[in-house]
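These notes concern the structure reproduced below.
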Amino acid sequence: MTEPSPIVEMQGISIAFPGVKALDNVDFRLFPGEVHTLMGENGAGKSTLIKALTGVYQIDSGSVLIGGQEQHIHGTAEAQSAGISTVYQEVNLCTNLTIGENVMLGHEVRGWSGVNWRATHRAATEALAKLGLGHLDTRRPLSSISLALQQLVAISRAMVTDSKVLILDEPTSSLDANEVDGLFQVMRGLRDQGVAILFVSHFLDQVYAISDRLTVLRNGKYEGEYLTRELDRTALISKMIGKDLEVLKSLGSNRQAEERDRTVTPLVKATGIGRAGSVEPTDLDLHRGEIVGFAGLLGSGRTELARLLYGADRPDSGEVEIEGKKTEIHTPVDGLDHHIAFSTENRRDEGIVGDLSVRENLILAVQAKRGWARPLSRRDQDAIVGKYMTALNVRPADPDRPVKNLSGGNQQKVLLGRWLATNPELLILDEPTRGIDVGAKAEIQQSVAELAEGGVAVVFISSELEEVVRLSERIVVLKDHRKIGEIVNGPDVTAQEVVDIIAAHGTEAALESDIIDPEGKD
Amino acid sequence: MRRQFFWGIIAILLLLLVNVLKDPSFLSVSVNSTNGNLVGNLVDILRASAPILMIAVGMSLVVATGGIDLSVGSIMVVAGAVSMEFLKANGQSGGVALGALGAALAVSALLGVVNGILVSVVGLQPFISTLVMMLAGRGLAKVITSGQNTAASNGPFRWIANGYVIGLPVVVLLAVVVVLLVALVVRRSALGLMIEAIGVNPKASRMAGIKPRGLLITVYALSALLAGIAGVFATASVMTVDVSRTGYQLELDAILAVVIGGASLAGGKFSMGGAVVGALLIATLDKTIVFLGVSSSATPAFKAAVIIVLCLLQSERVRNLFTQRRAARARAPKESVTA
Amino acid sequence: MTSTLVTGPSGAGTKSRAARLVDTAARTWRTNLAALPTLAAVVIFIAMIVYGEAAYGRILQYNTISNLLINNAHLVIIAVGMTFVILTGGIDLSVGAVIAFSSVAGLMLANAGWPAWVVIALMIGFGTAFGVASGVLIQFFNVQPFIATLAMMFLARGLASTLSTKPERLSDESPVRSLATKFKVIDGERVNDLVLTPGVLIAVLVIAVGFFVLHRTRTGRTVYAIGGSEPSAALMGLPVVRTKLWVYAISGTLAGLAAVVYTARLGIAQNITGIGWELDAIAAVVIGGTLLTGGAGYVLGAVVGALVLGLMNVLITRDGGIRPEATTIITGGILLVFVLLQRALTARKRE
Amino acid sequence: GGGETGDDGGPTKIGFVAVGPEGAWRQANEANMQETFTKEAGFELKYAPATNLDQKSQIDAFTSFVDEGVDVILLSATEGSGWEDSLKRAQEAEIPVILIDRGIEPDTTSLYVTRIAPDNLQVSKSVAGWATETFPQGANYFVLEGPAGVSVVNERNRGWNETIGAKPEFKKLGAQTANWSTEEAKSVFETVLKSNNNKVQLVFAQNDEMGLGAVLAVEEAGLVPGKDVKIATIDGTKNALEALAANKLSFVAEYNPLFGETALDVVKKVLAGEKVESYIVVPSQTFNSPEAAKTALPQRKF
């Protein structure tokens, strides 16, 4: 490939935040017609580099060249007019507007009498259709769709304009395989038209599937630029973390289905719990020491079922027994009182409390449980903070920094820490590894397994089906807001199989698949 | 945060300086030879700041939850009306004074609870709930006094606002005690943390198991209780409640105080120190206007000028001008060394 | 409890027809949820008229309706401006005082012999200037809207008082007064005429333009986006800074325009005019179903809100038996009932 | 429907465009009106107080009375000017308007039937007259005003300045608004005393409430009201007379609020088609000594 000149060239970029040097003399080049992946651990500075390029942060030193000319960009609007479209790491849309408006904001189709809404919605539908969302009703409020869909809407939005550069910061973090495939197809199409794409992801498979070139950052420093085909995974990982990693190898096989005695009273037994419009009545048993995965496609109702279990939404049918005792769980407070913890998939809106420090975020749930009158002593706080910041490797290791200043992955770790600190008996994790780097992901999976061994019941939801299959002992399969079956995990169960079940459900084939009835024996 | 009320302190000092320029003896505090009390303009400022201090502290908590309490001024007048009517009906003794105080505070807190319920249970926006209370509260005060400006006489009650202990005005001492008490309760318990959490991200706080209802009701009740104390301070000083004037528009002063102290009306982190500085600044400003003899008609413009200058000083843009210059100065020699 | 296979092949077929209908209905309902509070306001407004007519009579007649419009034209105008501001999640406390300044300054100029059209342009311009000043404070110096506009309120009120504390009177011949000329559209018996003034027409024009800007221009949509989430709007590449400046400028300008309409009608201007009108405007906006947190609401709602407030005053006056102590309680109570009713009617909106 | 109003036997409908709660004086005045035009006397009084003392709300109420077609309108305006248009409509609708207390500007007598009121100018002149008598050598004085721009304030200032302004021996130390409030007056005057080293001999408080506030500030400063600082007020409420009786105030000029009877008379005449004077001045007293106050106190109604 004869190298054309780069469309974006960043030289010697440095950005310091109080107490952290987020970027330290970083170089970066982006060529037209390539997919270029930015790699690095959580907090390495990927998002910061993107924000530096698009003018969200002011650069302390260094220069940005676009199309060979030095440019000073002050904000996304200017970046857009310079031909750069960006989808930032956290979904940034307006939930008060409709889906179509969100896609088209700032690019509405105008006619003689102002905005032509019909044409605008049509254009929005077209943009969405490219990602396979042509069926979405663009006149519905954005708030009515799940976070994953919102992520896709945000991506569609970036593609409405004909940009020379498309930046996608962890666009796939809550998408499942189908959507990722769709997205990649679109990305390849754009690449072939000469668009330069900057991509960030922690999924190595995806990185290798899509990217032509990699730039690796470590600790805010430039580590190197490589052609993807010339760098194998192990080498990439060691470049990212600066040493060889053994952990990945330990993530081999599925957990064995233990011969669990399912006649004992389960920790949580839900009978027919449901909520009109979101989850149809569902039965569910959760035993101590068991990891139960929820599998399903986007919008199948995994999140909503989990929310009912915790009391984040109030169930309007069915009942829940905890250790055989009938209980009512209607609010998060009820959930917490019954030793249930729920880590949400929507960390920005329902998870972190941005302006508060890491310390305060970590102790929040424990403190809420104790009530305001019994504050945690400084020593207890330090114990919790010390324990979970080390265990989850939160960086920078300064507990008094506002949590909103942490990188996305590190925020996720803080959130996990908050829930682990409550010593739950039932831990519900909705996309806990969202935006977490490879190393940390392995560690988190490890600690989930350990928790289960220690007698905690875990519900594990992830859009990465492999992860679910690898960890869970039992997999609850959902489709269209209802439970369609349960699978007891074993060495022979694969992600593909689960996908097949989902696809086949509703057709006759489903009836004879390996869905087994957990209680059928008695 | 710290830097923000730093400018409040600077502003207070500047205002005092202006007064000193007009009258060099402005700052002098002397001891009254007959009763040993401290007298002087500074003492007056402290005394005048006592009611604003009360409502500003309450307001800072409400604002931290992301709300606003427009009803404090009206609750002041209700507290005043209740206490004056009580005193008028019951006479002179110290017990009666206590009764009046108790009744006034109880009614105030009750109104606060109503605010809290409207906000947290019914789910109305704080601006509206407290706006309703602001309108209704003043009306209620008028109903209590049947529209009259009620005056009463009661020594012990009067003493609250006009008495002295060890040479210091009782109101000032009481105000300090109340502020310390609230600060202690809020900061030593987890109340402060929870209030801030709710203010920053209500959804996330709910998911983390914080019960917003009880907390909001508590905060609004506390704000109203403090407004009740402010009302008692204000009416006890003249032993008259003026149903249309007592506490009129003081909510604006309280909000100003809180913002000058560095709080964001969007909710989140709060600072008691900031609220105190803000309240003192407002009291100083009011006194300065009178002391300088600024004409009545120009008073609002003068006040506006001070607020605008202060806001400009607090803003990052203007601060950057300062720091950049300082930074430039600091960097210059270093670079010349390395180069 | 034995079957885990919660299949529904039998259900799938039946769902298609009946459920699809329900689905469509539910969707229309959901799509228009944002309009619901405004709709509720309209319904309550009509209910108030019906009640008034039944209880006191002489509500549904030409003159009462005309006067409702004429007397509240200026309130409608500032409420439209306030809607813009509140939609972005801000607030403008300065409108009442700006009206005072703009009308006092304007009339002094008019009395000094300046031509009417220059005076009118200047009056509107003064409003714009205050609005821009608020906007600059908010946008470039990070002052919170409540505080910035409060400062402008003090400033405008103070400047108005420094100009004059006596009522300034517009000479009877001044062409400015022609803005209050009454056109009898329908001539009824005695004073029962359907009357319109240019002021009312201006208000209608303002409503129409406001509606157009909010719903049919990119600026308008940006206003809503900012109210939904300002950081998101900025990261979406929308012109947040410019739009917010615009919004305060619009509110200020409309306050200036309201000053023209109001002074033309009364023929006087005074430094104490407009005390508390900002709260009326805010109340109108809220009654009309706009969220104070921004992002949802309609200009038309604010108009209905302003008319509701006006009608409420008429009804209280018609009743005539209200104790003076109770008036503010009643105003507060009605506001409360209003938001509560709206809350009940739209309760389904909350999850 | 409301049915036809007026002359067909039912009670006479009176629309009272009032000021509403403002202070003791207003309270007495409006209560007096309401007690006079009762059902028993054959009237239906519709009381419409202003919100926030806002002229706009008064105009709204006035218009509504015209639209409703009441028989007589009593207008107690917060502001004198800006009424022409409304009064013309009332005339067109053949509804007689009687001004209570405040007059209108410009004073076009053809627009209303009559004005019943004490005279602000005269009242404040009486205060000034007392001041010149009490301080033949002149004095350092301070004025406590109502809110800037309110017409009562303007009128009371005018009356005072016409007399005192002509006397160079009277030195004005300043004027501040205390918004008609005792509490604010106390706070303001406390600072005024300090900034003038207690050298204030005379205070002209434009209402009783503010005068009483000044008394408190004077006492606080360790001075004796009535001796070191003489305070004169306008209104003549019970509280003020008590203070005068106790020698704390030095002069109280009454601004007589009780003219319901006069108004009743006028209304009856107007309805009967008789002519009335275009300005009926309500006589007001002055009280210049504790004794005068003591004798008046037992019958004081407000």
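By letter and in written order, the chains are A, B, C and D; residue numbering begins at 1 in each of them.
Definition applied: a residue touches a chain if its C-beta (ideal position, glycine included) is under 8 Å from a C-beta of that chain, and two chains touch if they have at least 3 such contacts.
Remember, it's a predicted structure, so these values are computed and weren't measured experimentally.
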item: Of A-C and A-B, pair with higher C-beta contact tally; value: A-C
item: Furthest chain, CA centroid comparison against chain B; value: A
item: Whole-Å separation of chain centres (CA-atom averages), chain A against chain D; value: 71
item: Centroid spacing, where centroids are CA-atom means, of chain A and chain C in whole angstrom; value: 42
item: Chain centre separation (chain C, chain D; CA means) in Å; value: 35
item: Set of chain D residues in contact with two or more other chains; value: 21, 27, 147-149
item: Residue list for chain C, restricted to those that touch at least two other chains; value: 161, 165, 271, 324-325, 327-328, 331
item: Chain pairs that touch, as defined at the top of this document; value: A-B, A-C, B-C, B-D, C-D
item: Chain A - residues contacting chain C, complex; value: 56, 75-77, 79-80, 86, 88, 92-98, 101, 105-106, 108, 110, 113-115, 137, 139-141, 144, 157, 271, 280, 282-283, 313, 482-486, 505-506, 510-511, 515, 517-520
item: Touching residues on chain B, where the partner in the complex is chain A; value: 188-191, 193-194, 196-197, 200-201, 203-211, 215, 268-269
item: Residues of chain C touching chain A in the complex; value: 1-9, 12, 27, 30-31, 33-34, 212, 215-218, 221-222, 224-225, 227-229, 231-239, 295-296, 351
item: Touching residues (chain side chain B, partner chain D) in the complex; value: 22-23, 32, 34, 40-41, 44, 48, 142, 147-149, 151, 162, 234-235, 237-238, 240, 242-246, 248, 286-287, 290-291, 293, 295-297, 299
item: In the complex with chain D, residue positions of chain C that touch it; value: 53, 56-58, 61, 63-64, 67, 71, 161, 164-167, 169, 180, 190-192, 262, 265-268, 270-273, 275-277, 310, 313-314, 316-322, 324-325, 327-328, 331
